[in-house]
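Here it is, the structure in full.
So that you can tell them apart, the chains are marked A, B, C, D and E in the order they are listed, and the count of residues begins at 1 in each.
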Amino acid sequence: MSLSPNPPHDPRANYIQMMQRKRLYGGLTMAIFALLLVSGFMLANDRNAGGFWSGLPHVLDFPADVWADAAPKVDQLPGHFLTFFPSLLETINIAAVSTLIGAAIAVVLSMLATRGLALWPRAIPVFRRAMDIMRAMPEIVIALVLIFVLGGGPVPAMIAITFHTAGALGKLFSEVNENADLKPIEGLQSVGAGWVQRMWLGVIPQVAPNYFSYGLLRFEINIRASAILGFVGAGGIGYELKNAMSWGLGKFDEAAAIFILLFLTIVVFDQLSSRVRQGLIHKGGH
Amino acid sequence: MAASDLYQSSERLFRRKQLIGFAFPAVILTYLVYVFFAFDILGLAERARWDNGATLVRDTYSYKTHVTRDNRNGETSIAVEGERKGSYPDGMVPPWVAASGDTVTIDLKDGHRVTFLPNNGLRYEVPGFGVIEAAIVNRAVQTNLGDTVPDWVSLSRSRLDITTDAGRVSLTRNKTEVFRYSFGWELFFYTFTSPYHGHSLTDILFGPQIDPTRSNLIGAVQDFWYNPMWQHGMVVWAMFETILMAFLGTFGAAIIALPLGFMAARNFNRIMPARFAVRRVFDFLRGVDGLIWTIVLSRAFGPGPMTGALAILLTDTGSFGKMFSEALENVDPKQIDGVASTGAKPLQRYRFGVIPQITPVLLSQVLYYLESNTRSATIIGAITGGGIGLLLTQAIITQKDWEEVSYYIILILLMVMLMDTVSGWLRRKLIRGQDA
Amino acid sequence: MLLVENLTKSFGSNTAVDRMTFEVDRPMMIGIIGRSGAGKSTFLRMMNRMTPASSGRLVFEGTDVLQLTGGGMRQWQSQCAMIFQQFNLVPRMDVVSNVLHGTLNRRSTLGTMFNLYPTEDIHKAIDILDRLGIADHAAKRAEALSGGQQQRVAIARALMQDPKVILADEPIASLDPMNAQIVMDALRRIHDEDGRMVIANLHTLDTARRYCDRVIGMRDGRIVFDGSPAQLTVGVARDIYGADETFSESATSTEIREHTGHQARVPA
Amino acid sequence: DSHGITEFNIGLLGGENAQDRLNSNECLRAYAEEALGVPVKLFAPADYNGVIQGLLGGTLQMSWLGASSYAATYLADPEAVEPVLVKINLDGSYGYHSIGFARKDSGITSLDDMAGKTFGFGDPNSTSGYLIPSIEIPMYKDGITMESGQYFGEVKFTGGHEQTIVAVNNGDIDGGVTWADGQGAWEDGYNSGALRKAVDAGLIDMNDLVEIWRSKPIPEGPVVLAKSLPQDVKDKMTALVDGLYEADPDCAYGVAAGDSLGFDPITHDAYVSIIEARKAKSN
Amino acid sequence: MLLVENLTKSFGSNTAVDRMTFEVDRPMMIGIIGRSGAGKSTFLRMMNRMTPASSGRLVFEGTDVLQLTGGGMRQWQSQCAMIFQQFNLVPRMDVVSNVLHGTLNRRSTLGTMFNLYPTEDIHKAIDILDRLGIADHAAKRAEALSGGQQQRVAIARALMQDPKVILADEPIASLDPMNAQIVMDALRRIHDEDGRMVIANLHTLDTARRYCDRVIGMRDGRIVFDGSPAQLTVGVARDIYGADETFSESATSTEIREHTGHQARVPA
């Protein structure tokens, strides 16, 4: 009763053949992957100063040192919190501003790069490439270069993170845009609305919840990024942490205080953003 | 409803919308203004050193050759970027340098010409300005400039510095130095010490044997690989180490996070406190950033790629653990029921009821992280001492080898984009073609 | 006042509209019929300048609107309102805002982004909604309305443009017969009362016959019929639709007659 | 002869391009491999702390530290490393100075003019870039402290010697400290040190800068070996580095980061005062 | 061979199955009917040990299966195959693999982890698929099959278990009438040819009547009818469903009769 164009010969043999082929490919893939993993591990182990197995028992040495230095000075923690709070604020500000500006740029870029929305459809590949490059650029690269020109402080970090954020969010936003309903936009086009009006009134209301959700996620990532950039001289809490950590024994109490501050901030924003996003997604219905 | 009521309610509606429409940007604008002052943007504009920026940009596409005369013994040396590794061997001079006796003439471009005169003298013909002559007399710099020193000349008793569009000249008691800028990345393929310097590709491939001890191909590749200025071999290794860190970290984390994900998923672990504990562990691993893990781990494992890989592994175990457990909480129980109803053992239930469902989700998340971890590995490498990130940050911090900086940046961009492409390709390939 | 001359549109090798030519000398209600793929939508979209024409002229009151670009083109669009089968409203916005979108071309971009519409425009929007019998829904989101109500909002938006021409692309195809009638009545009333030209793509013959002053039949991109509704015999219809003798009009009728049994067969 | 060790890792302190550091020390690596008969590897972490952690964790067996970095290692674990050699300058001394400097056009000529201004240190683990100035500058006159907002308007770390120089030159900070041998002409950036390197690189024009302060001589940092190494390994490595200048001056130039008279033996006692200083700066 | 005695299941205060008692002395095809919430699914799930019973006994061939634990319980599950309304296959795996899941209980955990099954099992799986008329789809992913085909794969998986009892929980509720008939025919054939006991929850009376040897009617967790299909009169049915006089069987019929007009009304 089969209507298939190539009538079945022997389903048993066919299947076994297919299964063996699949098993071969699957096994080969797994073997290559395992080989890569194991040889990669051995290579990394070899090129590392200390070996993995010999280092494993000492994993807690550093935390133990920190603990031994900081625990007796626990009474100073609140004071340290107060001292370093302004730096934390700077870190959060860097993240917030770069998320805001980066998202704004991303909105425009993503629309210019989405088929159906683009102002210049021929230039879509240009904007796509541009976003790829912005996204591929690690923040630290831009920050360090800018520090040379602009001097230390929050601004190089802010620009660096903004740049990367624009690329990263741009890609996500354009994925959201692809799913936007084009009908309202055509409707607006038919009344003679300009491009900005079409985007603002026709697209933004549709995609805003998704934008917002991705923006929040990015904000959380950017807090880490801005803390990290402090390590290379871009100010904020990362700068303080690096100095205290570098000094080591004698200032581990400060390091611990800064670490706790930073950790709590990250966790709080992480939880906050996942709550809000959950809410958005459930409310938005998609 | 009467028309006037409708009018009013609509006007109210629009007033409210306008209010929101203004309040929202206003709040953001206020915040930006606050940050504008908190970050001292105005002061920044003053402090910004655009000349540094110009140096940076110029260095990325050009290089300078130093012609240096040691004023104590009168010897002249020529070196690219003033580095020993870029020194011209004895007897070899670039075409724009002419030496006759004690006099060395250096032809900067556009009619600029510098001459090293005997007795530590210096003569610089600047088109459209005239001739600047200077010498060390009684251990002090003497010039023909008189009182009118143009602003592109910096003069003190012990030092003269002239900066023009064509190059730079400096004169001190110890040495006289001329910098000539040329376009390109000089010595990118071979330094002067290599016999292959100055040979074209066709020469090397098809020409007669250049180095009697090695075949052309082998010698050319070796000397390129070990080029002492650019050190391509080391750079390639560094890129490889970076990718290795990302690869080991990402997949190691995925392997560890999978069983832990089950322990944190509501539908697979009924013991609330255990679930809670595992989740807090995830939060902790994630919250302590990879960079801090790097520092913590470098005590036990020392500098190197393994330390970086482990740092990525720890952070990502947190991220994956959270994502995996969420994916697990969304699995379709019907499939598990179906497998369970045949009398399958618990492991078999996971293997056939759960794994096929979550693999596409997990795989796509893991592969997405692979690309982003290549970027993280670049940063982490800058701290632990490994990979392209270290080379890059160090080159930037020493603030002179901007051409190397741009070389590294280009390589990093290519590397990340490559990883993006690879992970995207794998994602499409595996998730479409993959079967349990 | 409207002259269409050799208007042609090709998509690659496929000619969607083929040397279409006709003239209209006074505002009237025109129905365009033809089977799916005949080029009806393409013609309307070219007229509204949403799709660029391949060749030909489309002269309205002395101006070749196909030559307009940029602001001039957008101004023409604002004079030539379009109503879509799927309404094409902004679903998450309230009804009045959707109607006010009809004024976008006249207002500054920045002002419209902040919802700064003049009060008289808001009043006018309400008046139009009132005229179409849906003023009570003014503050609701468009997506909360039924299909027929949404289509009336779309008509209100068109009227808000104060257009000289209203183009309607199968305005009732997504509607049930009850709502279809309300919407067609509204369009006819607008024509009668305001004297605007209305060009409507219709997929049902009886609608065309009942509401239009002139009917144009298209087949494979070409005009194959152009005449009064009375001239539209079953034979002519068979020609237009390329149907054989089994063709029966009632199969596509949307008119609400006494025998409600047919309702279930109205194409969705 | 494996001496009971299977590998030997050398840590290279920052201050120069990592690539160049690895390259300059490649010859030392090869000599060491030859002498020890086990694989020898070089590691160039980004900052002083990377090397310190490696020595403390026992993953690095040798390094040329700064005095303060040695003190940090010693304070964290006195049994980790022992100093064996020190670099000798061309004039036979083994010291250098911390130099305070500012832009000439800022009108600052001494620490007296720095009141209310921004002051920059380098790396927290640097002797000349932090430890010594942080102790000696307050002794310059009454009322100077290194707390932000007291005598100085702000005191911050730039991250390293190079960054301090660029920051002062840019006007990001009004004054800063870095290291120099203090010999030769100011206009050249002295004979050696971070200023000289910056001049050579064309980053700064010394005519734009003035010296505003100079520390007492600071002992050059020691070459240290892990205490846990077998004695014959220690002896071999000490002899190797000690004799490097005589055996291969080019290599010594690279390892000692410039012209020197090579390395001479030194002991822990030379750094006792630095260790005390460092203790004083800890919380 | 099967004795159910006072079998009870409570969810909190809600008693889903209430002292259910019946006995079966030989393999037969039993249909359980009752309206939604009557406890049909709960009974099957208790029997398959997917839901633990609150109290009572369920003795099959002398063993109280409710007392089994661990391996013994899983072995019972493998002898008592279950077919679900939603098929509950692994959609991303191929059909044969899904069928082979029926052997999981017999095979070592390790081997199955890597999808290693004996060749004779694979052959047997294909033979079973052949018997059910879907061998051609053996290599396809389960998700690529139609509902009826998927249900037949589920039956194949059940047969692969070589069970003594097959439980089927509304096996045709997700299927169109055509596929429903194919699936029910297959179940009946399995009973007839292999002599396995089949217990099926059904939501349509005529299916129960047509295919079953014995029908059990449940209401609110209790058995309210237990007899032959012939005894299942409209009055009894009204009792079971708690329906009033307007109850008409044909409204839920899935049988494909000559007058196809009814097809459209079959619940989806």
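Basically, contacts are C-beta pairs under 8 Å (C-beta built on N, C-alpha and C of every residue); 3 or more make two chains touch, one makes a residue touch a chain.
These figures come from a predicted structure and were not determined experimentally.
Common partners of chain B and chain D, by the touch rule above, are A. The chains in contact with chain B and with chain E alike are A.
Farthest from chain E in terms of Cα centroid separation is D.
Look at the CA centroids: the one farthest from the centroid of chain C belongs to D. If each chain is reduced to the average of its C-alpha atoms, the one that sits nearest the average of all protein C-alpha atoms is A. More C-beta pairs touch across the A-B interface than across any other pair of chains.
Computed from the mean C-alpha positions, the centre of chain C lies at a distance of 81 Å from the centre of chain D. Mean C-alpha positions place chain A and chain E at a centre distance of 49 Å. In chain B, the positions touching at least two other chains are 47, 49, 52, 295, 299-304, 382-383, 393, 397, 399, 435. For chain C, the set of residues touching two or more other chains reads 113.
Counting partner chains per residue, chain D has residues 9, 11, 43, 47, 49, 53-54, 57, 59-60, 159, 163, 166, 170-172 touching two or more of them. Those chain pairs judged to touch are A-B, A-C, A-D, A-E, B-C, B-D, B-E. Put simply, chain D touches chain A in their complex at residues 9, 11, 41, 43, 47-49, 52-54, 57-60, 72, 75-76, 123-125, 156-159, 163, 166-167, 170-172, 278-279, 281-283.
The touching residues of chain D, counted against chain B in their complex, run 9, 11, 14, 16-19, 22-23, 43-47, 49-50, 53-54, 56-57, 59-60, 159-160, 162-163, 166, 169-172, 184-188, 200-203, 205-208. Chain B makes touch with chain E in their complex at residues 334-335, 337-345, 347-348, 351-353, 356-357, 359-360, 435-436. Every residue of chain C that touches chain A in the complex is listed here, in rising order: 48, 50, 73-78, 81-82, 84, 86-93, 101-102, 104-105, 109, 112-113, 154, 157-158, 161. Those residues of chain A whose C-beta lies close enough to touch chain B in the complex are 22, 26, 33, 36-37, 40-41, 43-45, 47-52, 55-56, 58-59, 61-63, 65, 90, 93, 96-97, 100, 132-133, 135-141, 144-145, 148-151, 153-155, 158, 224, 227-228, 231-232, 241, 245, 259, 263, 266-267, 270.
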